[in-house]
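Dumping the structure here so I can ask a few things about it.
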Amino acid sequence: MKIGFIGLGQMGSAMAANLIKAGHEVTVFNRSAQKARALVEQGARAAANIAEACHGQAVITMLADDNAVADSVWAHDGVIANLPKGSIHVSMSTISPALSTRLSSAHAQSAQRYLAAPVFGRPEMAAAAKLFIVTAGDPATAEICKPLFEAMGQRTIAIGTDPAAANLVKLSGNFLIASAIEALGEAIALVGKGGVDKRAYVELLTSTIFPAPSYKIYGGLIAEGKFEPAAFAAPLGHKDIRLTMAAAETLQVPMPIASLLHDRFLRLFAQGGERLDWAAIGGLANQDAGGQITA
Amino acid sequence: MKIGFIGLGQMGSAMAANLIKAGHEVTVFNRSAQKARALVEQGARAAANIAEACHGQAVITMLADDNAVADSVWAHDGVIANLPKGSIHVSMSTISPALSTRLSSAHAQSAQRYLAAPVFGRPEMAAAAKLFIVTAGDPATAEICKPLFEAMGQRTIAIGTDPAAANLVKLSGNFLIASAIEALGEAIALVGKGGVDKRAYVELLTSTIFPAPSYKIYGGLIAEGKFEPAAFAAPLGHKDIRLTMAAAETLQVPMPIASLLHDRFLRLFAQGGERLDWAAIGGLANQDAGGQITA
Amino acid sequence: MKIGFIGLGQMGSAMAANLIKAGHEVTVFNRSAQKARALVEQGARAAANIAEACHGQAVITMLADDNAVADSVWAHDGVIANLPKGSIHVSMSTISPALSTRLSSAHAQSAQRYLAAPVFGRPEMAAAAKLFIVTAGDPATAEICKPLFEAMGQRTIAIGTDPAAANLVKLSGNFLIASAIEALGEAIALVGKGGVDKRAYVELLTSTIFPAPSYKIYGGLIAEGKFEPAAFAAPLGHKDIRLTMAAAETLQVPMPIASLLHDRFLRLFAQGGERLDWAAIGGLANQDAGGQITA
Amino acid sequence: MKIGFIGLGQMGSAMAANLIKAGHEVTVFNRSAQKARALVEQGARAAANIAEACHGQAVITMLADDNAVADSVWAHDGVIANLPKGSIHVSMSTISPALSTRLSSAHAQSAQRYLAAPVFGRPEMAAAAKLFIVTAGDPATAEICKPLFEAMGQRTIAIGTDPAAANLVKLSGNFLIASAIEALGEAIALVGKGGVDKRAYVELLTSTIFPAPSYKIYGGLIAEGKFEPAAFAAPLGHKDIRLTMAAAETLQVPMPIASLLHDRFLRLFAQGGERLDWAAIGGLANQDAGGQITA
């Protein structure tokens, strides 16, 4: 397929590379142009602006937050203004369900198509084409994008026809991961202070009752007390918890663990922890117990 | 091996049955004698009292709580008074680390051996000999018990020589499961109120980022809103959270999610929910959101 | 003084009436004009629009929230466009510190003056000219407004020269009141379920260790379980907690009780409690204990 | 009246001194005898053991916790064994409602009388005979003790005939004070980081919406960041929160602020804060915000 790809961060670069590898004709765009270079070497075309990335059957956005996506879409030379009628905007960023709904309406009004397709997975999973992709929107549109998703992920799961649903599911998933980080942080602080070897404990947990990647990755980081370099920086994690809480407020759903996580992030930042991986909130329980966040 | 088995609840009965099946010579005891009948049919000998269950190389206790274990051990005709010198008390109940330490000392003083070997797994896992067994204590003693553990579990993991460590690990594991229940409850309340199908959501989660039995079992129960019959009753779950909090208090480790869980259980009980599975605390978020605990 | 008064809700109407009573020349404006009638009978002049309320030495705004204030100030025919140079905008609404800072800059650029002067007190205190007024800004400006504050309040306290400080103090005060409501709710649920008469309990508390109006008023409402009619509606209370949390997020100050209050309000609203007094969050602990929010 | 007084800590010594001053014939006892000396100089008789303090119309216990009271009462030479028939045990310590109920039964079985009469007030209030005394039990018994209470307190309030009620009320009162400490801690951390002078802030609050001694005393300590010397040490405060939580568990009343306070105390102790005043938990919010507990 002939497609555009906007947003070449750690995740986006890896995803675009896999699209190229799979034979798609990819035009990439990033605000700071040097990030496009490596991809051009792999076969991408570099767009000078957003408009140039909108000439194909689909354009994928993989950007940092709601503002970045809204800017790219509604700017004078943005996606709405340039995407051909009938072409598809595949929104893969972690954004608010509310923005997803607005995007869906706006594209419909411009006779364009919109598909929400946020992803689960850290940069190394993106690089290995092992992402999980959650889609919501028109099934026919999702069908067209199938080869793209197969190039980037290990599995694609449709969760309904309301695009906002996919974004809500994505946020709730990150909430669940952050909850597991906090719970692991408390458990590891407890057994550690009780004299149990932290690494052996995580190995025990993840080879028995919690054989899930999240528990392995984050349990390991917490047991090591090693939160740098960040694969997913704490401010991004905080952003997702805030979006979760905003959605929960709109829907009137109290979420006490989300509230706890929000306070954990603020505390981490008040100590200068913005550069750490979001797993670092799992070190605060150890600090509460009289120890350190990092080993 | 010639062994005794004290405590024939849902878990204990299944475990004893597997020991018999593996060829061990098992003398069973339970306070209400009729529970022994089915096992006698399978080949067990029924003891008239605790003393009669203490004549072998090892005696296993699998009882409801600290009090039940302490009663069995220190009663006039209890384990301490009757277990032969050199024989092993294998304590598999979920008890406090503090009691485990006291048991270890008491048996040492009586020239008996003690091994802490709590288990992870619900009744159906016990029946299938799929338990995870966490041991702590003297390695030689653990080695002797190996055939017993192989008959009951899918995996045995040693976590050190201090028996209390195994009990602390067991409690922390139940804390982690309860934390996952609460987090799932909040997430499912959120996406459900947002229009997402709850069962499809749990299927999505557990086939992607959380491929762990706890998430499948408890996510499923919460999505269904079905908490009866109880495989692990809420008061037992609450007991474990209280033991976790007691250990955390002794070690001076604040655990905010444990505190939240404690309040969740009290709220469930104040509504008459004692008979429900502990997964029912995962229905309280839905009640907070204006819905019901049960479907 | 010749002044304007914008915003004639329960609070504003009472405040404006006291200004008239004290002999000030007051021009009043409210979006729905009928609220001005009673004040006109008491001697006010009714403005047809915001501009007409801006012709004096000062204009007071007493509006529902940030949006209402921003609209009044920056509208085409708003305060900024019409207030004479040197005249004062006295902002008495409960707004965010961030908006107060923006207002201060905007007025300075228009050669107007700005004073933040939020108030503590419920409608009956406003009617009795018993408000507490917290001011922040230029001391000379505050001095000019002194006769106005004396007509409306029992005490005026300056808290510095940065206008945002007064708004932060006001929000923090409402946070403290809401915290007292929640704590009273928990305590009253406890002693009530323990067989103590709830009204006698509140009488005991407020005649001994907590002789403060907040404890009397809110303790009384919770003991009675009577939250209608609302003197300060729950959505307004929630708004203030959200503004507090927003300020806390900007300043990176984790506030766990604020988080708890936020979740309490969401839960109240999910049950249809928007019409109740904000004291109704103090009834949720009783609901948690198996009882009802309202008696 | 001829009375005994058992327990001469900071509070008990001051209370006993006021009883002597009021003309009562007081026999004092304390485990470490030197504490009795100052009171003997003021006119007390020193008892060599508990039995000698039990020969009057009433004996008052003012001890540290449940264990100390139970030991004094049920010891071989304790209160139950020595108090004359018809004489009164006035229990003024902060103890659990459950122990109060047990004491009431035990004294009734021994044909003695029992009155629960816990107090509110810090040592300086005890010295000034300004305590608030909450009584529960037989009204005729309370009437007999009236002159004693008048010598020690500024006000005596009866809260029913079930002795446990007074103890529950006392615990709930300390819970409310601790809640105010936590809320003040969060509010002061917020406004302080926002640039407001902390002392001026507390002065503002306590001269307007919170004119209550608790807010003045604890707000002042938190604003100063000065928690030594302790008038009421943190471990005693923690004990009261634990007793509150135990009563709440028995009554099935979830108390989320109590849970938060429990975790706050554990965190304070994990940092070595046992010697500080319980107001120090109000410094943890400042630590969360990147500052220090103490100034």
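By written order: A, B, C and D. Residues from 1 in each chain.
Quick note on the criterion: a residue touches a chain if its C-beta (ideal position, glycine included) is under 8 Å from a C-beta of that chain, and two chains touch if they have at least 3 such contacts.
Since the model is a prediction, treat every value here as computed from it, not as a measurement.
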Farthest-lying chain, centroid of Cα atoms versus that of subunit D: A
Duplicate of the A-D contact set - from B-C, A-B or C-D, the pair where over half of the pairs recur: B-C
Separation of subunit B from subunit C, taking each centre as the mean of its C-alpha atoms, in whole Å: 53
Cα-centroid distance, subunit A relative to subunit B, in whole angstrom: 37
For subunit B paired with subunit D, centre-to-centre distance based on mean C-alpha positions, whole Å: 40
Sites on subunit A at which at least two other chains make contact: 248, 252-256, 260, 263, 266-267, 270, 288-290
Touch list for subunit D against partner subunit B, complex: 248-249, 252-256, 259-260, 262-264, 266-267, 269-270
Subunit C - residues contacting subunit D, complex: 97, 120, 132, 134, 155, 157, 159-160, 162, 164-165, 168-169, 172-173, 175-177, 179-180, 182-184, 186-187, 189-191, 193-197, 200-201, 204-205, 207-215, 244, 247-248, 251-258, 260, 285, 288-290
Touching residues on subunit B, where the partner in the complex is subunit C: 263, 266-267, 270-272, 288-290
